[in-house]
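Below are two complexes that have chain A in common, paired first with chain B and then with chain C.
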Partner chain A sequence: MDIKTLSRLQKLNQLNLTETEENELMAFFEKAEKDAEILASVDTENVERMVYVMPMTNIIREDIAKKVFTRDQLQEQAPEAMDGYWQVPRLVE
Partner chain B sequence: MKVYITKSEATGKNIVVDDMILTTDMPTTAGSKMLDGYMSLFEAQAVTALKENGYTICGKANTGEFNLDLLGETSHFGPCEENGVLKGAAAQTVKMGDAMAAVTLEVNGSSARAAALAGLVMMKPTYGTVSRFGTIPAACSGETVCVTAADVDTVKEVLTALKGHDDKDGTSLPQEKCVLGQAMPAKKVAVAKSLLTADADTLAKVEAVKAKLIANGVEVVEIEAEQLLLAKSAWNILMSAELCNNVSKYDGVKYGYRTPNYTNIDELYTNSRTEAFGYLTKSTVLFGSETLSEANYFKVYDKAQRIRRVISEYLTAVFAEYDAILAPVCSKTEYTVEETAANKYMAYEESTYTAPSMITGIPVVVTGGVQLMGAPLSDAALLAMAETL
Partner chain C sequence: MKYETVIGLEVHVELATKSKIFCSCSAEFGAEQNDHVCPACSGMPGMLPIVNKRVVDLGMTAGMMLNCDINRVTTFDKKSYYYPDLPNAYQTTQWFSPICVNGRVDIETSKGPKSIRIKQIHMEEDAGKLVHDDWSDTTLVDFNRTSVPLIEIVSQPDISSAEEAIAYLERLRDLLRFAKVSDCRWEQGSMRCDVNLSIRPEGSDVLGVRTEMKNMNSLSAITRAIKYEVARHTRALEKGTEELVQETRRWDDNEGKSYAMRTKETAGDYRYFPDPNIMPVVIDDEWFSRIEKTLPELPEVKREKYTGEMGLSEYDADQLVSSRALCDVFEDAVSVCGSAKEAANWIITDCMQVLNKKKMTADMLDINGTSLGQLIKLVSEDKVSRGNAKRILAAMFEGEIADVEAYAKEYGFIVSNDTSAIENIVKEAIAADPKSVADFKAGKEKALMALFGKCMKQLKGNANPQVLREILIAEINKI
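Right after this comes the complex of A and B.
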């Protein structure tokens, strides 16, 4: 992990760290890389991925409309909303 | 001591739920500035089930941000601590006698640790037997709604009310698998030697439980269980990757915190998330994002999924021979605010003990300050075993 990669990750995830936090995280990444090496040493070539911890079956439900929320309800907690729209800064000049 | 985010005047069969579980009459914050004051339009299935069974919700317990941390130290509202010693808030309400039980979302072991340190009984049931509908998602493939109380009977009673198939949860198991049922007495228990890395006081608790099991006629055998040591790194990878996706929706537009410091949409997104999330959440998101990158996906994320199967198959083999695995829940009997401030990744390190059950979804009962892990759907057997201790 280098500072360039960490900066890219911050941009991708829309998060900023302070310089101190960046240094702390880079130290953590180094430790995590060592842990990942231990995992890498385990032979999993013939092991399937385990996405679900319990056996899952696909469930198909009836296509019946249930209770839905109104636009007003959904916008009640919007930081800024007007005339039924969520407000954000101007995107196109 | 910041125990509650919201305290209700409820009286009766009081249950406290942690702030990862949605309620419609009280805010749900996930311990985060991002959701400070957030009121959900719907409630969690766990809350509905509790109400339908005559329980009342007496408040929302303080949690660490998205329950990722050690014992709630990362809550935006301040940690639940006494003289600098961390107390899990939900467990504390039970300890204080405010609630007969606490219902919490276990993500990275904080509920188990809090119960163990407070001398309470806690059960994390088999994944899929209690609905997660209406819980704030953090690490969906392992997180589980669990119950903490002063005794086994109360845990059993509340768990019986919570368990059941729920169409609204895609990972919910069929109803017949959700029933707690009856259990045969335990005959053979394994002690995981690889996890006996805790301090002397904690190991003494393991020894005390071991002695009681033997006195009850249970054969106790030490096994190496080296495979369980892989769980910590693998769960940290999977949990981080899942958290990264789950919190990507918090951007300051539709609900939640919006920064006042922006001049364009990118600044709105970035500054809202930067100002609202705590350090542990931010670093977990960034770590998760890196594990999912093109360069690391197969090397790290995919590998962790395969390691999950390695651990699961190992446990299947162990549980074919033993009724449970006995191990510590944490490495010490006390954690301070100071320690967690100095080592922000303490929760990652301490998950050595809790990650084996988180990554595989197996049930766990915490009693006498230690844990007993069991095979999937052996919840009733674990509770029966805990009852004899």
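Right after this comes the complex of A and C.
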């Protein structure tokens, strides 16, 4: 992990970190990378890839529309809401 | 140097489902902000997606209409995407095993027929809508569209001009609407297109620098944008006016220009990975053939049938095949009334008139074709007058009428065969209007029409016009 990669990740994730946060994250990523190296060293030749823990297929539902929650109930949890909208910091296109 | 244009299109189509792709919220367009939202589609922690079966049905239908191979095991993946219109911070889409691959769309161009290959069709969720609020200097988020089901149809770079792009998009729209996969309404955003474009020296097999224009939402804008980009690329290569770079550009249709984008789309590091919360969808033979059986005849096959064995004019056939809804009502009506010409006239003239009044499109024609057939039959048997039949038709648009004859009887729309009742009314009309009688006798044909109109009004339209006319002349001649 270097600062260039970290700033790219910041951009991808729309983050604006302070220098202290950057240093903390750098240390975290360095540890994570070492852990990943240990995992990568395990011989997985001839081991089938496992994506799904449960051996299940076709967990599907019929196309029936239902209203389970009201907007007000959902927005009780919202840090900011206005006129029925969730409100987030301004994004400039 | 001569250049050739290379275009690939990515078309997003909203599927005609009642509910969203991974939750049961309504997928209907036009609700109040955040009225179709639940914890799953607003990205609350711990919520699990469950695939809407109808989405898979329609994905398969689209693939079959576009000559694709259907992947019998299809899976969903997460596409990292950090933007508030998708609150999970990823879009659930298909990357590793999309539902359809290797298709083909045949188009007609000024240079003759051409096939455009389809690379793949994948199912995915739509993003929500962001509104930038100047007053509060914040962005407002509406999740109604979040998780509305989409398919993305990715073509190979086989398109070489704006004309071919439009022919491809029109054909795609016709096929998908005909199969009821989507209403494909550009103006409502249920069909949108990303244009990938590059140019290269004619005959070269090396692709040039590619630019992408996202979310184009009208055929005219796509035509203008393609022409603009081809000119811009050509100028850059011939005159060195700018260095072409691989980038996403925004098309401004008002200004007629494209601009480089600096936003989310340029950061194309999506880091796809399989979604472990959505189990693979396995399409067995029974499911596959059930969908295969629902495929409609292609519009051109119907046109051929209508002008051939059914004897309609080219014009009538073209009008009907412009919409699957018209075809369905037409075919059901003909099966009851037996007259293709009459059924076509009723649909193209009378039904369209009602739809226009209601500001509805042909695709929204939702009357029962069998009932329309019964009505046409009653008119042809002189049991209901044409004027009253129009009234019954208007009632059909308000609610289904299963037995049209019973309805006509109940509301007094059946033509009277009681000649004595007609005679009485004719006698009264003659007595009340001696001038018209005298005029008719003096050779003024129009005077008869005046008397005829008065009698028909008295009879509430329920008289056989021929019978009424005969009685009227007979009674006048007695004077």
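The rule is short, and it goes like this: the second predicted complex is superposed on the first by the 58 of 93 C-alpha atoms of A that agree within 3 Å, B and C clash if a C-alpha of one lies under 4 Å from a C-alpha of the other, contacts with A are read in each partner's own complex, and residues count from 1 in each chain.
The rule we apply is simple: contacts are C-beta pairs under 8 Å (C-beta built on N, C-alpha and C of every residue); 3 or more make two chains touch, one makes a residue touch a chain.
Everything numeric in this text was worked out from a predicted model, so none of it was measured.
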item	value
Which of chain B and chain C A:I59 touches, first, second, both or neither	both
Which superposed partner A:F28 touches (first chain B, second chain C, both, neither)	first
Chain B versus chain C as contact partner of A:T44, first or second or both or neither	first
Chain B versus chain C as contact partner of A:V88, first or second or both or neither	both
Touching partner for A:Q14 - first (chain B), second (chain C), both, neither	both
Which of chain B and chain C A:R71 touches, first, second, both or neither	second
Intersection of the chain A residues that touch chain B with those that touch chain C	12-14, 51-54, 56, 59, 61, 69, 74, 77, 80, 86, 88-91
Of chain B, residues touching chain A in the complex	38-39, 41, 126-128, 141-142, 167, 170-171, 173, 230, 232-234, 236-237, 244, 248, 251-258, 262-266, 268-271, 273-274, 277, 279, 282-283, 285-287, 289-290, 299-300, 302-310, 312, 344-345, 359-361, 376
Chain C partner contacts - residues on chain A that touch it in the complex	8, 11-14, 51-54, 56-69, 71, 74-75, 77, 80, 82-93
Chain A-facing residues of chain C, complex	17-19, 24-28, 32-39, 42, 44, 50-56, 75, 80, 82-84, 89, 130-133, 136-143, 263, 267, 269, 274, 276, 278-282
Residues of chain A defined as touching chain B within the complex	1, 5-6, 9-10, 12-17, 21, 24-25, 28-29, 31-32, 35-36, 38-40, 42, 44, 47-54, 56, 59, 61, 69, 73-74, 76-80, 86, 88-91
